[in-house]
Amino acid sequence: MNPVALTWILAGKDLKIEYRSRQAFLTTVFFALLILVIFNFAFDPGSPATREAAPGILWVALLFPGIIRLNRSFQLEMEEGTLYGLILSPADRGFLYLGKLLANWLFLMAVDLVVLLAFMIFYNFSFSIQFLWIAVLIVLSALGFSAVGTLLGAMVSTIRTREVLLPILLFPIILPIILPAVNGTQEILLAQEIQSLNRSVELLIAFDVIYLAAGFVLFDYVVAD
Amino acid sequence: MVVALYGAFLYAPTEREMGEVQRIFYFHVGAAWNCFLAFFGVFLGGVGYLITRKRIWDHLAASCVEVGVVFTTIVLTTGPIWARPIWNTWWPWGDPRVMTTMVLWLIYVAYLMLRSSLPEGETKYKYCAVFGIIGFLDVPIVWFSIRWWRTIHPVVITSSGAELELEMIHALIVSVIAMTVLLVTLVMLRMAMSLNFSVAEEMTLNVRHSDRRVEGV
Amino acid sequence: MSEPSVPLLRLSKITKRFGVIRAVWNVDLEVNQGDSLAIFGPNGAGKTTLLRVIASLTQPTSGDIEFAFEGEHQSRSRVGYVSHLSLLYNELTGFENLLFYARLYDIKEAHDRAAEMLAKMGLKEASNQRSGEYSRGMKQRLTLARALLHEPQVLLLDEPYTGLDQHGSRLFTEVLRGLKQEGRTILLVTHNLGEGLELCDRVIIQNRGELVFQAVGEHLDKSGFEKLYFEAVEKGDRS
């Protein structure tokens, strides 16, 4: 069967389910907004130092709430044992990974769109065409985050302490996403000229490629007994 | 090991500006190199287990993690002690070595937490193997991304420019080798322990399994 | 009953361990095309694990499984699996569930097939209802529909009668009988000695991971079976 079609069928199923219940989406967005507001309270909104820190705050709010969806992504497969349904099928395990990954990635980007808008409003940044570049950074970072997160999310789905364990496992690994993402955003929002954005993008792409490949290969070990 | 101790404390002349504290440097460097070597052991163990499904590879990985995390902790604690007199700061943010070691420590600890939340069995070894591989891939990525970031945000660190005299270099090399030997020895000891445990397990298993009923299986 | 030269499925010395627990121990089993095999045994005997090993949901710790099919891909597309878990997505409708699985199994004209199976199981009216809202009986029928979508040659059933009322049980048995008549192979794990014996021509009893009893068709004394069952289990317990 056409692998693209297979991936899309798998992702589509997940997205349809999320659309039906909407709860996870709203919870994730809410959590992200909460992060932005907390930082708003923690730092003096008027000071230039806060403005400098804003890109960092943005990225915490963009990535960390992604954990919610990752946990849920596999939890829903445990409810009625549907994970077995997937494993029993003739579909290649690597494509099960890609299907889940695609759904998680699209979900996260949808959340991030809302978060980005809220961020602009809270921190008083005016809209400009540069923001397309932030969107690019989000697309790439969300992909890397989801690539590792989907693999690890599958792993912890059978463990009772999964909600605590997943952040502990995931966050150290995705740390290398934060530097280029924040740096790039800093340049776009605050700097006079853009110098190193290209390299930021390159680094993110490198991360994505490495972990997509690793995930595709290793997913079989995680999901099949 | 004794040779290294001798070298560190007696052989190398006291470094002019920093005094005795500088001697920690020898242990620090030895431990630093080894904590990365240990993680390579974790990676090897992971790959080995996934390919062969033989438990000895898992013993290798687990032993390397336990010893490695200790070495990493040593690095992170001796580091500030040594760094403060030179760089006038406890924790030089933005230094690739420091940050990468910090991340390595986090990954080690995460690995241990994963390990302790899983019951004994193939699943545990498989999952730990996968995480070991994922973690190992991460380390060079972290290193390069911090180094890149440093080129954009150069951090000014006042350095007193320590000179390394010849005898100090000798002491350093010996100490690094000694630490490596120590690492290998500890790992092997730890592996021997694990192997004994699993042999005992096998014997219990073979005696009488009939007492065990499996629920809903 | 035909006796083909190559068995459809052969298990040799299959053992499955979870840590120190031996769920399946040293099982040898041959299954031929068209067999209907009932697997009985007390709770915790390892029947579910055995079935999962056959379904390739679990790798055995040691031993060999041979399928007459070529390759893993073939095996997975010829085997259907039903357990007390419904393997259905609660948020999707009955139709959407079947459509998803039909496409997953690469079935041509998936839409039509899904609709056809729904009708066959008497679920046509409920096809646009979320499967989470189905009654237990309806869910079980939908589960069976899902398992039969790809017309599997081998059907593995793990305690499918659990929670079914008379009506549901009857329907189930009828479907299974129909499949048996078509020559499909059925492996049925059940507590229900009556249903199992009614449907199946072969019987094995598993206790504490091992097979303690095997019998076939003509040699099977169905009326006195209950007594036989308890004897076999107790014998296994004592040894």
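Order of writing sets the chain letters: A, B and C. Residues in each chain are counted from 1.
The working rule: a residue touches a chain if its C-beta (ideal position, glycine included) is under 8 Å from a C-beta of that chain, and two chains touch if they have at least 3 such contacts.
Remember, predicted model here, so these are calculated numbers, not experimental data.
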Pairwise touch network: line, ring, star, complete, or other: complete
Identity of the most central chain, Cα criterion: A
Result of counting contacting C-beta pairs for A-C and B-C, higher pair: A-C
Centroid spacing, where centroids are CA-atom means, of chain A and chain B in whole angstrom: 30
Between chain C and chain B, distance of the C-alpha-averaged centres to the nearest whole Å: 49
Inter-centroid spacing, chain C versus chain A (mean Cα positions, whole Å): 39
In chain C, residues with contacts to at least two other chains: none
In chain B, residues with contacts to at least two other chains: 122
Per-residue overlap in chain A, given as positions that touch at least 2 other chains: 225
Of all residues in chain C, those that touch chain A in their complex: 55-59, 73, 76-77, 79, 81, 83, 85-92, 96, 100-101, 103-106, 130, 146
Residue ranges of chain A touching chain B (in the complex, touch as defined): 148, 151-152, 155, 158-161, 165, 168-169, 171-173, 175-176, 179-180, 183, 195-196, 199, 203, 206-207, 210-211, 214, 218, 221-222, 225
Chain B residues within the chain A interface of the complex: 50, 103, 106-107, 109-110, 113-114, 117-118, 122-123, 126-127, 129-131, 133-135, 137-138, 141-142, 144-146, 148-149, 152
Residue ranges of chain B touching chain C (in the complex, touch as defined): 119-122, 201, 204-205, 209-210, 212-217
Chain C residues within the chain B interface of the complex: 17-23, 25, 43-44, 46, 48-49, 61, 208-209, 237, 239
